Amino acid sequence: MILPILLIFSLLSSTSNAAVQDFCVADLASPDTPSGFACKKPAAVTVNDFVFSGLGAGGNTSNIIKAAVTPAFAEKFAGVNGLGISMARLDLAVGGVIPMHTHPGGSEVLVVISGSICAGFISSSDNKVYFKSLKKGDIMVFPRGLLHFQINAGGTPALAFVSFSSERPGLQILDFALFANDLPSEIIEMTTFLDDAQVKKLKGVLGGTG
Amino acid sequence: MILPILLIFSLLSSTSNAAVQDFCVADLASPDTPSGFACKKPAAVTVNDFVFSGLGAGGNTSNIIKAAVTPAFAEKFAGVNGLGISMARLDLAVGGVIPMHTHPGGSEVLVVISGSICAGFISSSDNKVYFKSLKKGDIMVFPRGLLHFQINAGGTPALAFVSFSSERPGLQILDFALFANDLPSEIIEMTTFLDDAQVKKLKGVLGGTG
Amino acid sequence: MILPILLIFSLLSSTSNAAVQDFCVADLASPDTPSGFACKKPAAVTVNDFVFSGLGAGGNTSNIIKAAVTPAFAEKFAGVNGLGISMARLDLAVGGVIPMHTHPGGSEVLVVISGSICAGFISSSDNKVYFKSLKKGDIMVFPRGLLHFQINAGGTPALAFVSFSSERPGLQILDFALFANDLPSEIIEMTTFLDDAQVKKLKGVLGGTG
Amino acid sequence: MILPILLIFSLLSSTSNAAVQDFCVADLASPDTPSGFACKKPAAVTVNDFVFSGLGAGGNTSNIIKAAVTPAFAEKFAGVNGLGISMARLDLAVGGVIPMHTHPGGSEVLVVISGSICAGFISSSDNKVYFKSLKKGDIMVFPRGLLHFQINAGGTPALAFVSFSSERPGLQILDFALFANDLPSEIIEMTTFLDDAQVKKLKGVLGGTG
Amino acid sequence: MILPILLIFSLLSSTSNAAVQDFCVADLASPDTPSGFACKKPAAVTVNDFVFSGLGAGGNTSNIIKAAVTPAFAEKFAGVNGLGISMARLDLAVGGVIPMHTHPGGSEVLVVISGSICAGFISSSDNKVYFKSLKKGDIMVFPRGLLHFQINAGGTPALAFVSFSSERPGLQILDFALFANDLPSEIIEMTTFLDDAQVKKLKGVLGGTG
Amino acid sequence: MILPILLIFSLLSSTSNAAVQDFCVADLASPDTPSGFACKKPAAVTVNDFVFSGLGAGGNTSNIIKAAVTPAFAEKFAGVNGLGISMARLDLAVGGVIPMHTHPGGSEVLVVISGSICAGFISSSDNKVYFKSLKKGDIMVFPRGLLHFQINAGGTPALAFVSFSSERPGLQILDFALFANDLPSEIIEMTTFLDDAQVKKLKGVLGGTG
């Protein structure tokens, strides 16, 4: 019985030397590329690269939106690098809102774990709105790049998990994009038709300048 | 004020006529293609195409694996067609097991909603096993195409949601692939090194012939 | 000399029968799929499927934005179906503005043909604004899915051509998405922090209800 | 033992209904799409869709190039539709040549089965030529879209199999593209710098007009 | 009002830390990869990475083809790295010709800005030629990898901009590939059927050896 | 004649500086990324990077499976890096078997060079088995990620070459994945329904522990 073991191990060795790239755990200290971060050396990879516990606790909802988004994208969850998938946790206190936003890099599926959430998106071809009140266990898909939102639709806190078709889907929150930077108010007003007072009020809230 | 409305609507019309394909809700009666099902006519699409309630209730775990997989792939959840994402629900009664399986078409991320789950996968390059006991809120990624499993690791029922990087990731359960069809026992034995008695016993349980 | 011709034609025939799909001109009457429209029969394809003259004349800029977008996406320019590229023409009268918008399905490159254009986009990762005044011959890239805008920055009409990395990049104009449909004002206000009066004013201009 | 079988079959059924698209065997009578032909109904698929015997016999090399290319692309080998791979057989009699050509849709790997073949390609970035005489068992890769050729380099017939990274890689033979159609000689001469006599001579051999 | 600002900034920070890869400006000093150059550090990116002014001036057409191609691919226009799009400028003096060539890596759309251009391509499946005389404002698409050409069709200089479905589409000019390197004349003649005198004449013009 | 050469070379230079990435030969000493290895410097690339002679000799079949798999994936055949294609050689002595396995990263096409091979795969959607005895010259495709096998079906040694739709398709041999590592026997038994004695017997043969 000794012989077979040795022989088959020689097959094993020869194949494993030329093996596939099953995964590419992100080495955050290495250069970023269009396809993702460079890979950790295989010998340094452990099961903990593929497990993330940071979504176990609710985010802090003591803020003006009464909500929190806790992402597990490739920068925090190194195991998903290159695999085209990631997750995030949404906590919405009573009255909580995830403001209008897009994910430039991927589609999203949301599953309601507790509470009730009114969620919707707007199509680009005809500006049609698709929204619905979701109950526990319902899932909803938000196609890539389209404006969408989530609102706590009930009298109790709501919890949802969302998944993305990219390990780095991005998150462009409309109000932050418009009012939390130094884009001149004049340009904002010309390109959004918003009134000057409205723009300045929201810049005040969100810390924008210019 | 009438004039501006008309003028801007003419811009709206001209752009919307040439607009993008934001989504392609599956028309299951139409031909399937390598990129997915043909699309429903836009006028027939409603918000219900993007919402699926079939994961709200637990699957039936009164079976020998004491577990159930309830998928929401494109065949059932038409809104994800072409979007590269889908979900499923895993219910594991006490002692429940999702047997060794692969998804040929996509990577998977699992989030534990209740209970405790021991989950793992095996890499192809060096046959190294990555497994860990996951608690509520933990997430784990299983890279595309690799053998993996989930086992209820606690004394209470466990619930998890899984997401995939494909709207049709597939599910090849090892035992069904080997023992639930008419693949001749002789071929199974030659290609798996399993004993004849073992093969026939499992064919008996799973309904295989030949 | 007759013989060689016949012989080499037999090679030609055998290879052409199994030839490639060089292109897939859209048959707009056929079903749409996630990868694009079904293809016209090869025998029906002519050079006119690959040429589009609809960008030769300026769009009508007699509207409140004093600008026009004339697209040549796959729905109008059937030859680009499946090829991952398309174009559009931008006309900006003096004072003209292409309002804040995104293309969910592709990146864009703009080339200024005449006049001067102030163009910019906002990144999602840190809400940083990148904008610059472009002169004739300058080109600028707008990465996929990010909010961007173009403003006539001079005292003469401006003309630009834009190209996209998709044959159907989509066009989601922020104001149309928010104010030109039946999305309830209450939801808009909760998800954008805009004041009720501002929302109702813009719904009035753009024809929104609810 | 009856009970377990029924129970596990119910799991099997529920999962198989929502199963993956493992493959999409081409239904050549259905519409073509940018991602390939529509799929045959699963019930109509047999093992013969995945097996092709047309490469078993050598092509006819009694022609002026003393060579034959026998392809197994998706149009003839329906099982590869959508799978991103295909094959062809090359037969080169003594003195045989596969003329300068490209595959617009894919990279190629060649393996020499018998005889000796001088094969090469030309890079586009610096027009550098990479060519070598290959012996039995050698493999060579030709990157996508680059001009390449194969010449029988020995005194015996040569046989090779080639594989492509596409199920429909295409085949553009330079001489056929230039001289076997109705492209006006004047245009050929302006765009290739070839002499008029040379162009007309080759049009004569290859059947071109104009 | 101080409090809301601080609270919402904490949300902003937590999301921006895990944000998307909106773009990947090429760091030309870093390693190249199959998906493109490694990315510049985000802090080093400025608007000038996304703007390129090198297409503003006409290329030098004082050469034998009376034409010039000025590219803005990722090597020169770092902002397009990884975004699947790029541009180039074509200048054709009276009598100017862009010789027969392919882009192995992408499809092309051309827009005529001034003058008149006769442009065409040759399909691979049946060697059919598609060509047409284009006037100002016309656009034409050239599918990936196919031989194509552009000729000044009028009595005035012509200007066109071309876009590609790749940030590095490549450019293989037929005459340079055949006659501007050290590919032995004997091999050229065997694989193109060109006469020895013709090959040597063009090698003389283009600097080829061997 | 001097003048034309210089002039056209200036065109050549300007275009080659901005040229395409025709290929990306793997620099195995550089970091790995999700899209493959970083590229060798172009100046260091030679024709030998595109040619591999390691498949010329048969693998050693003096082992318990009487078979050998000799791969030419990107780790050994650097020229295929990033090109989406690779090859391997299968040698099956009389009675030889390539055991049940998957390639997580790509589809496979096999061509029989000598002898006779019984090959098959199992679909995931309905566990249907597709298998057939292949003779010399037959080709068969195995769709991505599905369990498949090859058995010498004749009285003489068999030789086949296989190609993959990925430069690093991976190879997960079922028995090695289950029995050649430290996956606890209890977990194997729970997730495969195999008997304890069977598991321990195969761990003994294949060197597994736990």
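We just call them A, B, C, D, E and F in the order they show up, numbering each chain from 1.
In this section, contacts are C-beta pairs under 8 Å (C-beta built on N, C-alpha and C of every residue); 3 or more make two chains touch, one makes a residue touch a chain.
Keep in mind the model is a prediction, meaning the values are calculated, not measured.
With contact taken as defined at the outset, chain C and chain F are each touched by A, B, D, E. Set against the C-alpha centre of chain B, every other chain centre is closer than that of E.
Using mean Cα coordinates as chain centres, the one most removed from chain F is C.
At the interface between chain B and chain F, two copies of one sequence, more than half of the residue numbers in use appear on both sides, so the contact is built from largely the same positions. When the interfaces A-B and E-F are ranked by how many C-beta pairs touch across them, A-B comes first.
The angle of the rotation superposing chain D on chain E, based on CA atoms and rounded to the nearest 5, is 180 degrees.
Chain centres here are Cα means. That of chain C falls 20 Å from that of chain E. Averaged C-alpha coordinates put the centre of chain C at 34 Å from the centre of chain D. Across the assembly, chain D contributes residues 12, 19-22, 31, 33-36, 72, 103-105, 120, 124-125, 127, 131, 143-144, 146, 170-171, 176, 180, 205 that each touch 2 or more other chains. Pairwise chain contacts in this structure: A-B, A-C, A-E, A-F, B-C, B-D, B-F, C-D, C-E, D-E, D-F, E-F. By the touch rule above, chain D contacts chain F in their complex via residues 12, 16, 19-23, 42, 46-48, 50-53, 55-57, 72, 77, 79-80, 83-87, 106-109, 111, 113, 120-121, 123-127, 130-132, 134-144, 146, 161, 163-165. Within the complex formed with chain A, the chain E residues making contact are 1, 4-5, 7-12, 14-15, 17-22, 24, 27, 30-31, 33-39, 81-82.
Taken together, the chain E residues at the contact with chain D in this complex read 97-100, 102-105, 118, 120, 122, 124-125, 127-129, 131, 143-147, 149, 151, 170-172, 174-178, 180-183, 187, 190-195, 198, 201-202, 205. Across the interface of their complex, chain D is touched by residues 31-36, 59-60, 62-65, 68-73, 75-76, 103-105, 166, 168-171, 173, 176, 180, 204-207 of chain B.
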